[in-house]
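Order of writing sets the chain letters: A, B and C. Residues in each chain are counted from 1.
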Amino acid sequence: MRYLLRRLGFFVLTLWAALTINFLIPRLMPGDPAIAILARFHGRLSLSALHAIEDSLGIQTTQNIWVQYVTYIGNTLRLNFGDSIQTLQPVSQVVGAAIPWTLTLVGVTTILAFCLGTGIGALAAWRRGGKADSVLPPLFVVGTGLPYFWVGMMLIILFAEVNPWLPVALGVDPGVTTGFNAEFIGNALRHAILPAAAILITSIGGWVLTMRNTMVTTLAEDYIRMARAKGLSSSRIMWDYAARNSILPNLTGFAMSLGFVVSGSVLVEDVFNYPGVGFQLVQAVENEDFPLMQCLFLLITVAVLVAVLLADVATALLDPRTRTAR
Amino acid sequence: MSRILEVRDLTVEYATPRGSVVAVESVDIDLAEGEFLGIVGESGCGKSTLLFAIAQLLTPPAAITSGSVVFQGRNLVGLTDKQLAASRWRNLSVVMQSAMNAFSPVKSIGAQFADAVRAHENWSRDRIRQRSAEVLRLVGIDPMHLKSYPHQLSGGMRQRAMIAMALLFTPELIIMDEPTSALDVVAQRSLMVQIKELQDQLGFAVAFVTHDMSLVSHFSDRLVVMYAGQVAEIGGTRTVFDSPAHPYSRGLLEAFPSIRGPKVPMTGIPGNPPELINPPPGCRFHPRCPVALAECSSVEPELYPVGEVEVRCLLHAKDGVARV
Amino acid sequence: MATIDVSAGVGEAPDTGRRSRRDFRFGGNLWLAIRSNRKASVGLGILVFFVILAIIPQWLKPGDPGAEIYARMAGPSAAHWLGTTAYGQDILAEVIWGARPALIIAILAGLFATVLSVLIGVSAAYLGGVADDVLNLFTDVFLVIPTLPLVIVIAAYAKHSSVTVLIIVLVITGWSYGARQLRSQALSLRNRDFLQAAKVRGERSSYVIVFEMLPTMTSLIVANFLGAALYAILTASGLEFLGLGDTSSVDWGTMLYWAENNEALQTGQYLWAVVPGVCIALLGTSFALLNNAFDEISNPALRPVRRLRVTHS
């Protein structure tokens, strides 16, 4: 299908753009971070470690920029990101350890926020003019104006001081052995509740409002009136005719807004010291661990891109109009 | 023939920031079994609002504020959607102006037919498919299109598919809101012919709204001319068409050139329809009327009988005898 | 961002303005529109409050707000309504003076991002064809790349640099969303009669765009500005919170950074940790409310629907 091919092309193009941005940023900044790093570690690192850092940054100052670029792309495609400056472990290892934490936290929470948000938005639009619609949307509008990290901090105050019921830091209590056992999973889940709540509270507003606004426009369409005329039940009209037509044009937009959710989760992880990708990113920045930083940025971007691609596939499957689109 | 629809004193108002606007005022309409009623008027005269009010399909900010709509002996006004569901589609169905908009774009035609059926009956999938194919054939569409999506059909086919859907339960009354307006002239006529044939075959009554008076007058039994939310003239089509009693109807008809008659200079109706938030005092048509009397600007005319028709015009006020 | 109502990839977005040019009289109608919309009034009230704080902080709390001259970690008192920080700074003074940089960043970044959005979005819609496709792709790429990580990476390399760099980065990452929305609306206007009339009159494209199209899109442009300002303030404070802003400046986000560094939450210095965040949240909320209000103004279909009180006998 032409549609999918176009979206795939977009995916590849944006991926390339992200890679290139990643490559260019250190070179565009005032001063030269490469030199700074080298100077910083010069006396303390073996030559091979230095080369590793140079490699991961793609900075072989002895070669011209095109060769550096190609080497960089090659390294990236082979998942060779060099070593972390902080721990001298391979970056891929560090990142690999952090991914599961973030995947569960952000993944599950986003799906939850999406489902809840679109459901609430659909209901609010359906009962337009009713009490729910006059109170809820403004509330959610306010929600979109809250900073992610502040919500996290408020939750910490609430649960650490006022009512110490949920843990406010880390992924699991120290001393709990990692693994697929009940104790670990239960403990991890408890630790995930507050960060998840912070992300949920701040991000759900966007889904609710988008869905509500699209739904309001959809409800004015003739086919809704026709469905009423046919005597269909309210719930059938709301879900099968209105909601379905409202979600479809928004699917890809929803996926694109994942970028914002991911951004917010970085801050949330930092506030809660939750050992995920975002937390690692902040640590990397604070310690000027450039190889780690670059890898994480790339990872986050790729994740969003994949989500967008999945949304495109879903749209293609669910919306018959795309099959004959231009 | 018995009357299946009795509309009495129906009034519809819209809530606007500047106050409430009366879009349809005190309309009385009767419809007998198998009758074809045409409702004509300019844009904004309230004809579509009237139609949707009859079918109980209005949404806020519009609402019926008084009057009754008695369909098959039951007053539909004030009933909830659940209570109305029993009559919907089985006895009363709707055809809308644009089939592209009236069909959900993401469901196949067959699925939307099936929805309508399943809302009222517990038929098996086969029976639903059978009946759907049957009605499609009635309007001349190949039943394989049950699997098609709305955007895959041509405009004329979509319109006919909509009519087919309206016939699923062979209702007693089909309400049609400008179903031909989105089509070209040739398709318009062929659709009208088809509707008339189906009516003869199946015996349903039709309430047909359009702005094209000449088109509908070839097919309708009775005609209602609406102006500014009120009924201006109502009567047998031939009578209204051949000798219109209301100056507005006359103006409408004189705006259509006759193919066979002598060449005459065309006269339109000068001016614009009034803003309904503040209608003109007295007769609403008087600012544009070529034969307005002095009292037309202060006295509100009722519907006066003139022969077989009823006219809302002071010219016919005295005992139904035309003064002009 | 507050609302997402554009489609991506499939068909066109819903028509956001089925009105003729005449209906978009701005100015007087604007004031009325805001006053009658409760959300907008609240948002405007909050915004005005902060603007006042930003303009005349010296009248409210003269002196250097960052001066570390007071007792440390003092609770609220008559002299220090909100107490003092672990460094001996008056919290209230810092909060008041912090309004100015917050507003400057939000408004400047919002303004420039909106200018870019308008330029790219409207041109894409107007030019159509290949130019449209290329600009669209460009926009989409910027839209998808997650902003905070990008901003963090850039800020890290730029090393605690100035507000200017911050604003530039915010503009670069913040324009794409608005460009999409504006392109959508511009597309629905493109074939409107009054534009065709202008073309037939022989007007140049730039004239048509600036003097005929843009005036009808004003409320959406304003909504976009507010959305961009919201994005700017939230992202900027996020950066400052992580310590990537100018850590010596007096700024709400930076206050929170220092608060966290000193474990304010764990040591019970709640005011230090909470109040600057409340200010960010309030300012953000005001932008969000106004943004939403202007969305409603530019799309009448979203406005509250009136119901008639009807009783049936």
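In this section, a residue touches a chain if its C-beta (ideal position, glycine included) is under 8 Å from a C-beta of that chain, and two chains touch if they have at least 3 such contacts.
Computed from a predicted model, the values in this text were never measured in an experiment.
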* **Closest chain to the centre of mass proxy, which here is the mean CA position** => C
* Structure fact -> Larger contact count among A-B and A-C belongs to A-C
* **Approximate Å spacing (C-alpha centroids) for the pair chain B, chain C** => 49
* In whole angstrom, how far does the Cα centroid of chain A sit from the Cα centroid of chain B? -> 53
* **chain A and chain C: spacing of chain centres that average the CA atoms, whole Å** => 21
* Asked: Where does chain B touch two or more other chains at once, residue-wise?
  -> 60
* Asked: What residues in chain C touch two or more of the other chains?
  -> 305-307
* To do: Would you pick out the residues of chain A that each touch at least 2 other chains?
  => 128-129, 248, 319, 321
* Interface residues, chain A side, partner chain B - complex -> 128-129, 221-223, 225-234, 236, 240-241, 244-245, 248, 318-321, 324
* Asked: Quick one: in the complex, what on chain B touches chain A?
  -> 52, 55, 57, 59-60, 81, 84-86, 88-90, 93-94, 96-98, 101-108, 115-116, 119-120, 149, 151-152
* Structure fact -> Contacts from chain C onto chain A in the complex sit at residues 1-11, 13-14, 38-39, 137, 140-141, 143-150, 152-159, 161, 230, 234-235, 237-238, 241-244, 256, 260, 265-266, 268, 270, 273-274, 277-278, 280-281, 283-289, 292, 295, 299, 301-302, 304-307
* Which of the residues in chain A end up touching chain C in this complex? -> 3, 6-7, 10, 13-14, 17-18, 21-22, 25-26, 29-31, 33, 128-129, 134, 137-138, 141-142, 144-150, 153-154, 156-157, 160-161, 205-206, 209-210, 213-214, 216-217, 220, 248-250, 252-254, 256-260, 262-264, 266-267, 270-271, 281-282, 285-286, 288, 290, 293-294, 296-297, 300-301, 304-305, 308, 312, 315, 319, 321-322, 325
